[in-house]
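Two complexes follow with subunit A in common, the first pairing it with subunit B and the second with subunit C.
Moving on, here comes the complex of A and B:
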């Protein structure tokens, strides 16, 4: 329990460091969004107008006052008004995009982790056998592909040429979100190719990770003892080997969350999927500062949350961490 | 305590390690018996094949290891020919194992209780979960650990306690033979003493046989009834343990005996054995110990001596000097 509390304290501190950096880094750079807008009027603005523009971007007052104001806003989840999708609040855009990215990445990570881990268990258990010698090299190769190439190939083959899958969007325009079978089916249908493109490049990593840890464990005395005890193959494989090998996999899972959220950007761009990545690209193109800043913060937060969850999972699964 | 009836007869047992370009014969056709209720020791330098023998007896040899010949007979049945079902029954019911390092012999992430009950439930499904649990408590008491600690994990026990737990696991099904592969090597001498005394007590009470493997000759002489000395994959001498120090027949046995300092008496300069064991992939012709043997004769470099019985000494040895 103490361990969990210590982790909570650590993540809170990390969060405040992230917020602080997120505030200062853009301000170290020369110029600010209001300066750019003011400059674009080429001196045709009076003092009051300049002040109004500055106030709307939060660039008035001392650095310290600005910082306190920013922290307050972050805690209230108020990220300002989007300049591009005016007058949509940035937070609602952010959560809309995040929801769809979560659908995409959530399904992809879950399947990649399950498929890859199961394949790794099987390959390690029958090391050097048919399955291992065929699928391990194939998965190494797939793992080396970049998401962009796979996404473009899938899009070209199945959306453009064969037209089995839609050209974009998260669901058909005629449908409004609901918890009906029709809507969920429609969402899954639209998500198939984007999910597949992430899945194809990522499950190989889980396969390799699980296989390597398993193979190291196979020579441990407790595994040999389990075999000598005459326990069933199944029990030795899952309870004595996979049970231990899964621990580092869970830590990697947390680390991969940030990577995948960032990587989904390409996939969403290719499949025109309304996720966080797609919005971020648009925001960068149109210099929507408030969105970019909020998105970076969200990314940081999701990595912290994922790490925290993996810490908890490790405490639950690994008794050696429970003390102290 | 020990009868003359053989529990396990090992005949011409041969184990190879198969490499990509070469084969190393780690155990070269050895013969010995383990009698009922007896503690039989296997001693020798690292790499002489003693653990390989132990693994072969328990049918635990895995590639690149390969049992390539011989027989291991248990009441006339050849263990090496057991099918899957018979092997499952053989394991732990008849032969159980205690490993060298108690640190690694228990799975660190599952409770100790489960590691005892699972073997009981696998082999005696009729006992049920409660029966298995009751048996586990009984076993813990037998080795002197409070049963209340059954649900702890291995890292919560000291090294000595872990080895006791391993012994409890080995006793779970009342096997007739327990193979102990350096059971006390990882422990300090005081704990070592406790563990050995406990094994002696349990052995007297339950009547199992022990195959004891160690390179600590002193400990082995104290604990075992008979000892087999291995060199480079072959048995060079099998003798009652009291004969090993005082009446060794083979020069290697004598050299091994001289490598251990006596605890009492004057300080002696230890001799050691010059040279090192041969590479199993390119063995010398003749006796394998000849290159290191101070008494080697011409015939030793030509012909490998066979293990022969010398009834006047109650020992078997493989050496040309004795003929």
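Moving on, here comes the complex of A and C:
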């Protein structure tokens, strides 16, 4: 319990570091967002209008007042109004995009982790064998291919040439979101290629990680004892070795969430998928700073939540942590 | 050496009967041949053990050779092409031909020239950010692990924060505020966000080294702290530093490509990432101009694959069990032929 509390305290602190960074980065850069917007009107604004723009970006008053105001806004989940989709509040766009990104990344991360870990277990168990010496290097090299390239190739082959999959969007335009079988099927159909392109570049990492940790564990005394007791291969492999080897995997799974969300950016761009990445790119193009800043906070928050979940999983899987 | 053992055993053979011969223990040279263990070439004995281990590692050396070829190709780019990567060199979307080995882009720029020149910036950003991140990680990891106590608490907090802060979104915030994020800006930000992993592994390694005899004896002899760090601890961290460097370089090259691809980079710079960006914007695939997409893509993939192979070799050096696992099949087969149990593995 103490362990979990300590972790929660750390996450809160980390979140405040992110908020503070988000507050200071625009202010140490030359020309803050409000100055940019004011400059773009080329002197056609009067004093009151300038003051109003500055106030809406929170750049009036002393630094300390600005900071407190910003923290308050963040805690209320109030990220201002989007300049792209003008009257919409930024937060509603943010959560709309995040939902679709979550669909993509959620499916991709689950499959990548399962496939990679299973392959890693197999490779470590038959280490030095055919599967290990051929697929381990290949899978890890796939990891070093850019998501951009993989996504473009899949898009070209299956969407443009073969036309097996749609050219974009998260679901067909005629359908409205519901929990019906038809709608979910349609969403999965649209998500197939984007998920596949994230999957291809990410499962190799899990393969290598699991394999390396497993190989180190295979010579441990408890494994030799388990085999000497005459336990079945299956039991030693999964209950003894894999169960211990998966602990560091779960920790890095949580840490990789941020990386994967970043990778989804490129995929969504290629497949024209209405996720967070797509909105972020639009926001970059139109200099919608409140959205750009809010996406960092939202992504940081999701990484922290993922880490918290991995802590709980670690406590469940590793009895040693329950005492600490 | 081999001759002597052979003559010795053959003179012995005359006096032994056939039954005894069958059970005679094979010489270690025969054993090595049966297990297919090659003797290390003599010249490696002058190198330090970890360097020798790397030089004799096939995967690692293959990676180094590919990487050196890529680096040479981009450094010597002007020798390979007379075109300017920023200027129009021919008609738009010319297919690969004698004048344009890899065709031209929609803007009529020579793709081959762009790949060569783009490599300079992409590789420089990648290696620059990778080296810087590994160096920061090394400094912070060793300090945290060696000094311990309050210093460790504070540094570990920052390491953990850097680990949980998502790198790419943070770069997007910074890059969107500077007007166009040139390669230098991207490189600096990647270095500042990428040192978490190396710092973490190096700290753990330092913690386990700190209590070893050779460090303790250096402390008892009254060595200065910085001298212990540089002379005793740092040499043992070299392979972890290299590992961090290689991984950092891969992720920096990929991140640069991703950022440029979504249009955050400086569109006038020529890097592999911006080439992909223009290819995507110009609908190169839709119009069948595959030569605009494939060359930068293959360049990135080759570099990535080479770095992964080097990382495999570094992994095997830092973690000898991984290397041992390569010969395990042969050893098992060997034991079975001798009628011994191979179940211990």
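The rule is short, and it goes like this: the second predicted complex is superposed on the first by the 323 of 324 C-alpha atoms of A that agree within 3 Å, B and C clash if a C-alpha of one lies under 4 Å from a C-alpha of the other, contacts with A are read in each partner's own complex, and residues count from 1 in each chain.
One rule holds for everything that comes next: a contact is a pair of C-beta atoms (placed from the backbone, for glycine too) under 8 Å apart; a residue touches a chain by one contact, two chains touch by 3 or more.
Every value quoted in this text rests on a predicted model; they were computed, and no experiment measured them.
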Subunit B and subunit C placed together on subunit A: clash or fit? clash
Between subunit B and subunit C, more residues of subunit A are touched by C
Who does A:243 touch here: subunit B (first), subunit C (second), both, or neither?
first
Classify the contacts of A:320 with the two partner chains as first (subunit B alone), second (subunit C alone), both, or neither. first
Contacts of A:292 with subunit B and subunit C, given as first, second, both or neither: second
For this session: For A:25, decide between first (touching subunit B), second (touching subunit C), both and neither.
Result: second
If we overlay the two complexes on their shared chain A, which of subunit B and subunit C does A:146 touch? Say first, second, both or neither. second
TODO: Considering only touches as defined above, state whether A:227 meets subunit B (first), subunit C (second), both or neither.
DONE: both
Worksheet item: Which of the two partners, first being subunit B and second being subunit C, lies in contact with A:235: first, second, both, or neither?
Response: first
Clashing segment of subunit B (vs subunit C; choices 42-50, 60-68, 96-104 or 240-248) is 60-68
Dual-contact residues of subunit A, meaning touching subunit B and subunit C, are 224, 227
Counting only contacts in the complex, subunit C reaches subunit A at residues 59, 157, 160-161, 163-170, 172-174, 176-178, 250, 254-255, 257-258, 261-264, 273, 276, 280, 285-286, 293, 297, 300-301, 304-305, 307-309, 312, 315, 319, 321-322, 325-330, 343-345
Subunit A residues touching subunit C in their complex are 10-11, 13-14, 17-18, 21-22, 25-26, 29-30, 33, 124, 127-129, 132-133, 137, 140-141, 143-149, 152-153, 155-156, 160, 212, 215-216, 218-219, 224, 227, 255, 257-259, 261-263, 265-266, 269-270, 277, 280-281, 283-285, 287, 289, 292-293, 295-296, 299-300, 303-304, 307
Within their complex, subunit A touches subunit B through residues 220-222, 224-232, 235, 239-240, 243-244, 247, 317-320
Per the touch rule, the subunit B residues reaching subunit A in their complex are 58, 60, 87-93, 96-97, 99-101, 104-111, 118-119, 122-123, 153, 155, 166, 169
